[in-house]
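So, here's a batch of structures to check.
In the two complexes below, chain A is the common chain; its partner is chain B in one and chain C in the other.
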Partner chain A sequence: MPGDTLTLLADRLRGPLGDQWVITDPVRLRTYECDGLTYHRATPGLVVLPETAEQVSAVVRACAEAGVPFVARGAGTGLSGGALPRTDGVLIVMSRMRRILSIDLPNRRAVVEPGVTNLAVTEAVRADGYYYAPDPSSQQVCSIGGNVAENSGGAHCLKYGFTVNHILALEIVSPDGDIMQLDALDPGYDLLGAFIGSEGTLGVATKITVRLTRAPEVVTTVLAAFPGVAAGGKAVSAIIGSGIVPAAIEMMDALAIEAAEAAVACRYPEGAGAVLIVELDGPAAEVAGHFEQVERICREEGAFEIRVADDPAERAAIWKGRKSAFAAVGRISPAYIVQDGVVPRTALPGVLARIAELSAEHGIRVANVFHAGDGNLHPLVLFDDAEPGAGERAEHVSGMILDLCIEHGGSITGEHGVGVDKARYMPKMFTEDDLDTMQLVRCAFDPKGLSNPGKVFPTPRLCGEVPGVRKGVHPLVESGKAEQF
Partner chain B sequence: MTGRSPLDTLKATGVPVREAVPEDAVAGVLPSWVAAPGGVGEVAEIMRAASSLGLAVVPSGGRTKAAWGRPPERCDLVVDTRAMDRVLEHEAGDLVVRVQAGVTLDGLAAALAVHGQELALDRPLDGATVGGTLATATAGPRALRYGTARDLLIGITVVLADGTVATSGGKVVKNVAGYDLGKLFTGSYGTLGVIAEAAFRLHPMAAERACVTSAHPVSEDLGPLLRRVTAAQEEVSAVEIDWPDPREPYTLTCLVEGVGAQSRASAVRELLGTRASVGGEPPGEWARLPGETFVLEARVRQDDLYDAMLAVAGTVRVTGVEAAVRGWAAPVSVLRIALRTDDGPAAGDAAGAAFVTALRDMVEPGGRVVVVTAPEEIARRVDRFGHIGALPLMKRVKERFDPDRSLSPGRFVGGI
Partner chain C sequence: MTPSEPPHGIDAELIKDCVHCGFCLPTCPTYVLWGEEMDSPRGRIHLMGQHVEGAPLSDAMAGHFDACLGCMACVTACPSGVQYDKLIEQTRAVVEREHPRPPGERAMRALVFALFPHPRRLRALRLPLRLGAPVARRLLPRLRALHPSLAAMVELAPPVPAHRTRLPPRVRAVGPRRATVGLLTGCVQGEFFPGVNAATARVLALEGCEVVIPRRQGCCGALSLHSGREEEAVRFARATVAAFERAGVGTVVVNAAGCGSTMKDYATVLAGDEAWARRAAELRTVDVAEFLAELGPRARRHPLRLDVAYHDACHLAHAQRVRAQPRELLGAIPELRVKEIAEPDICCGSAGTYNLFQPEAAAELGERKATHVLAAQADLLVSANPGCTMQITAALRRTGRKELPIAHTIQVLDASLRALPVSALTGGASL
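Moving on, here comes the complex of A and B:
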């Protein structure tokens, strides 16, 4: 009886956590039924809000002993259903663990709890001239713990890399409830690297040591308007090909611009079929040199208007449209699906052309907003959920876009994660052996498969007992005390 | 079924296999045979055959680090990846390269330089392969700006002990689909599988490079210098410490790359005092190992580097062991310490072991001291790896990937 098991579990956890932090009231449980991807919903069987690693450990240990699945949840901003709860399990909400424990500027690091928001880390060190580099669009609300689970990126990961490149150590609670330290200083298997991006399936991070990055001397943001995405795409290739690694290169197509104008009146150049946002940062001498090149390339590729921002206010004006794009699409469409496919940069023009064809063939509008510099597409597949069959058609087009990414040697997700949403696409990108081998890691960390089950992998691998040495005869068999079947 | 020798079975795969010669030894252990597959399919064939025979397999690349790690407990077959030396894919516009594991870093650098690109890894040893570099997680000073091999690796294909071929990641720079096996295999010392192919993120070669060099007495605290230099807005790519004798001054070399490197380097020089000078390319010994036979690595936080240096100087004084040191500042800062214990074997061995123990006592728990390579007599007397927080989990990973312990058994920490 799962209900009874959960009731017993709740009773057991009230002591260590305190009554008010163990939630069983169905109405309150329902507030946790989804993350940022709202069309996957499940009311958790039980919600707990621990405040310390020891409490997380107590919860996980209790789950392990009772054989109950658990899901850790950060701020709930994920876009792949990675924090989708289990109706038969425990949702561990990390929002009370939100202290910045230490800031160590000489060592360029800070130790934070998982519930601390991404932006809060930057805010804490900004005055000293530092920041935390990974910057997912949701950085005002998303948590560092969630970033670790998803290996979050952001617009600036083109130059600065992902969460995994900025985490120096983790304290984790393993799926059997042990508190363990994973540290970049340690020789041996890079378990720190393996844990980051494992989407909560290898345990729960309870303390996170982040790397702090020195704020650049100069930031220059360029907005270039092109007649269409083809020209913009060629400019992207030319910029990268010229040996510049900008902090970010973002592109929006006409439909995405239309949405952004409707939502936030970003006043991008009129008549633009595509806008490119190129951000350059670093030493003044270098940025100045690169800026000249970028401007020249954009003009050569057909940019008809170029705007430049050198201060935070102007920069914010340029980014306003881009940052609002996802939400803005709500202004031009009742419903939409966000995809997160990746293609090699050089395949961008061909893939964009094919997306336009797919859109026309199926009568489904697709707005394109993407991290052009690293080939990470965020096609917004628009549909009217009131129209019968439209959702299915949109889903179909959306799937075809992912197929297109795979065909071009890309990926089904650049930063949103697999979660429940894309698990079924994993076999298209990876062989059965690939997926089985990945799950050997899962079996090492979590042989019972209780940590965020049902995510990432379409079919869970049964781990069995720890294999041990298979060669030779078991001593019990050898001594005649048992028979091998 | 009788009469067929293991060598016949191995040869039946069609993969070139030969009897081993003394030069094939791995950390002093002589294998029986050496196989030289030409691609991932042949690695899988040979691994399946080896597995069916119950052979212990040790992967090997350019052999530059064959003496690193613990001697394998068993070593029947060496899988030599040097015939797997092809660049599989290099689309310059993507700044991505996919290679076979036996490609050398030098060869790869030459191939990429033609396109004005580079794999931003330092090369401590000539002839090292991509596979060996990953398996030992060797790094260098440019880690400060570019990270280490694990940060530049975007895809990997490995062959497990039973011949299973598995790929993770891919050939795009941004990708979070599935677990990242590349991370796991980086630093795995051949104990989880054979690294067959790898894909890396590349960087454009810097338009300009300049170095700032300065000498400092040991009494001068490196801490404030490092803080200034690494916080400088001129963006220093790397800071190397060259310290051939811990009783003498050390030399700092700061590398500045990119547009305006020369003028930026001049600004960095101001931070280092009047003795500093600006030059062009890094010195010839840049990023090189300071020795070959007995090398330790102290791994510390950036601001602990100077304390680690003092610990080395103190240990040199106390033990009388001669040392040469080269290191760098990065999130994981490293001092590579080459020891010379040539004053009579027995006494020298004891002193070498004492050095490791004494240094580790001072550097832990904030840092780690790892014996990278050591003469057998000394290695036997010390714990090579020291404290590793997640060792139980690493053992569980090994049990899952290689349940029969047939891959480089005992090569790594805790008997893994």
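Moving on, here comes the complex of A and C:
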């Protein structure tokens, strides 16, 4: 039944998109079965690769009319399964919409298509002394459209803010196929703010106006090696406590360093139990003053080696290890889970100690890489997928880390999003009433629930349905329209 | 000689190394062109996985493997250390065994592999190529309609020098001898760009090396290996190893990126037979720029007032990780400035036989490269691989904007060591 609907849909879309860009071959479809989180897989019913907003609109309208769910996908680098396809739906791949449409330096903005990579924006304006500030570790490959969906962060968000602070306007295709404009300057409700970070549940962005930031006069990167994470954690708190807002403060523990060394030979100080990367940027005099303070604090907290980089090549060498850390873990473990949680900065040493205990108790290695400045943890839970039960144990430890974050008043995600992976943790963090209120927002944009369903919310329900505990079979299931509500 | 089995199938363990992070996507030429997952390294590895799990090798699947240039930019980009180079080589062999090609494609492949790895046959083509080139270029549109690969062959054929340069079997070192090395003359390099081999021998000699140039050396096997013709590659590899063993050298200097990367991998290519694998391991292959940088300069560099754009050949930069050495050699020439070309990691579309078998994609990539090359505003383009040289020359010609002289790194160095005028490089005549 859904097969027939999809066949008809494919036939309908071949006209507006062109044969080549409507994919129905099962082998090809399967290459889209997962994004950066391979733990969840689903072969899409249909894949389309539009090149214009009009084509996206045609696809979404066709889906809306046929009652078929759709999922938008950028570069497929997401780590929460936010772009996990639907077997009964259409996957709208945005990778062909990758033109930089205009650059307006006097007004410090650029208009780009969603498939443009994060780094490509910076590269287009670097020579003029500008850059695009949010910098996820995957910035060379992840798309701006995906960044908008996930409200992506990155190492430098400590000082410069997340994606939401750098988007000035959006053109979106609403879940019924209309092309709409959202602008930060619009009076009334902040719909732009609501859309950013909505993980594809409110529509598909087709044109993105980004803020360009003036490159700082000076950038100094400091690499400080500590005997362990506790000392490093204390240094972080002391630096922030002194009133300095570094561009970034990142920490890696011994296991993460080992992985990075294996992958990119970053040559961090030998014997380090933790390294701290502190980046300072701004006017030369200010950076020089802050640097002295940072260096002193690090020494006081037990740093045994401090390296300083002032030129781009040296800075890149320091960052290389950090930026490649996630994928680099592939060198020391056959499989791993990248976790993303937040704790108050002051809770860092305690939480890290508890993670180490959990790791020992369950015989599961955990490498820690994190944005220490804002308490955003990225524990990498390592396991061998060939070993029976190891995956489940890792999943268990990974889940307990999130519980730990909630216990300490933190969050289940700092920047990777909820996606499909963490939907089940939402009720631990929010009450039923909270979730129902969020659902009302979603219903305002997407009453049919076709835009990336199954993500963010643990129990999708019909719009118009009375919030509250549901009893019995869902009406959609009862009417034969759905199998899994 | 005992027959030995080359390794079969695709190694599932190598597939597992991929964590699906996608860092390879922006460096993949076909992903840059089309933006499709299955034409990216990550997608192709996924397809390999599907085949290993039992999915039949369909036309669609084979098409995505064939579309891979084998440029290895993804190997450089991969933080997880996926050995895509090994994976695609294994996959190509599987495609050759399991995937029946249509007759036209088969005939084209037979023609290419009966011709290019054979210096003597290439030599026989020199006269007709030289005389027939203007006519053939005019016939291009009709040829393209007949078979795009034939048109590509004609378009790529370089101007052939009227006289063959015959290199002596041994070139004595100038001054005290610092090393004795063998020189691979190659197939396309030797027949179409003989000036490169002559310059290599001269520079090595001027830097104090005795150069041994075995007469009877054949193809190194690179074209065959990169196209899944394993057995042919093994035959060529063994013959090459034997040729240099007979010449009594332990180090072979190579000036063609594709050949160098294959020869460095001989121990793997010949792994099926222990004795041969050992013999291969005893022969050291080194790129000429890598070798000279390691040796250090001794001969005097004379100034060349030139801006050169250096093109990274994929099989040098990605496969052999030789990036700094050629720039270092060029940069040490007084008054010469090295300019960078945008998107240095993206392949020019030559990729061995790619521009013959996938002419449309190759042409698109060639034009992209040509545009970046022209934007560098140099007097001379330096490329260390004959395939790239032919491909970029053809692309520059198609853009119709400017004829840019092209030389090999070693030719620039040769001109500097011999105090030749800049026009020796930019005049085009002697190259």
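Rule of thumb we're sticking to: the second predicted complex is superposed on the first by the 464 of 485 C-alpha atoms of A that agree within 3 Å, B and C clash if a C-alpha of one lies under 4 Å from a C-alpha of the other, contacts with A are read in each partner's own complex, and residues count from 1 in each chain.
Just so it is clear, a contact is a pair of C-beta atoms (placed from the backbone, for glycine too) under 8 Å apart; a residue touches a chain by one contact, two chains touch by 3 or more.
Bear in mind the structure is a predicted one, so any value in this text is a computation, not a measurement.
**Q** Now for A:Asp374: first (chain B), second (chain C), both, or neither, which partner does it touch?
**A** Touch partner of A:Asp374: chain B, not chain C.
**Q** Touch check for A:Val308: first (chain B), second (chain C), both, or neither?
**A** neither
**Q** Touching A:Leu8 in the superposition: chain B (first), chain C (second), both, neither?
**A** Neither partner.
**Q** Please indicate which partner A:Val111 is in contact with in the superposed arrangement: first for chain B, second for chain C, both, or neither.
**A** The answer is neither, since A:Val111 touches no partner chain.
**Q** Of the two partner chains, chain B (first) and chain C (second), which one does A:Leu49 touch, if any: first, second, both, or neither?
**A** second
**Q** Once the shared chain is lined up, is A:Glu415 touching chain B (first), chain C (second), both, or neither of them?
**A** Only chain B; A:Glu415 stays clear of chain C.
**Q** Could you look at A:Val456 and tell me whether it touches chain B, chain C, both or neither (first, second, both, neither)?
**A** Touch status of A:Val456: first partner only.
**Q** Which residues of chain A are in contact with chain B in one complex and with chain C in the other?
**A** none
**Q** Taking the touch rule as given, give the residues of chain A at its contact with chain C in the complex, in rising order.
**A** Residues of chain A touching chain C: 23, 25, 27-28, 30-36, 38, 49, 75-77, 93, 95-96, 98, 115, 117, 138, 140-142, 262-264, 324, 326-328, 330-331, 334, 336.
**Q** If we count contacts the way the header does, which residues on chain B are in touch with chain A in the complex?
**A** It comes out as residues 54, 91-96, 116, 137, 147, 150-151, 158, 160, 164-168, 170-184, 186-188, 192, 203-205, 207, 223, 227, 230-231, 233-235, 258-260, 263-264, 299-304, 331-332, 367-368, 370, 385, 387-394, 396-397, 399-401, 403-405, 412-413, 416.
**Q** Which of the residues in chain C end up touching chain A in this complex?
**A** Residues of chain C touching chain A: 16-17, 19-23, 25-26, 31, 34-38, 42-43, 46-47, 50, 55, 58, 60-61, 64, 78-81.
**Q** Mind pulling up the chain A residues that touch chain B in the complex?
**A** Residues 104, 106-109, 129, 150-151, 153, 157-158, 161-162, 164-165, 168, 174, 180-194, 197-198, 211, 214, 216-217, 237, 240-245, 282-286, 288-290, 342-346, 371, 374-376, 409-418, 422, 426, 429-431, 433-438, 440-445, 456, 463, 466-471 of chain A touch chain B in their complex.
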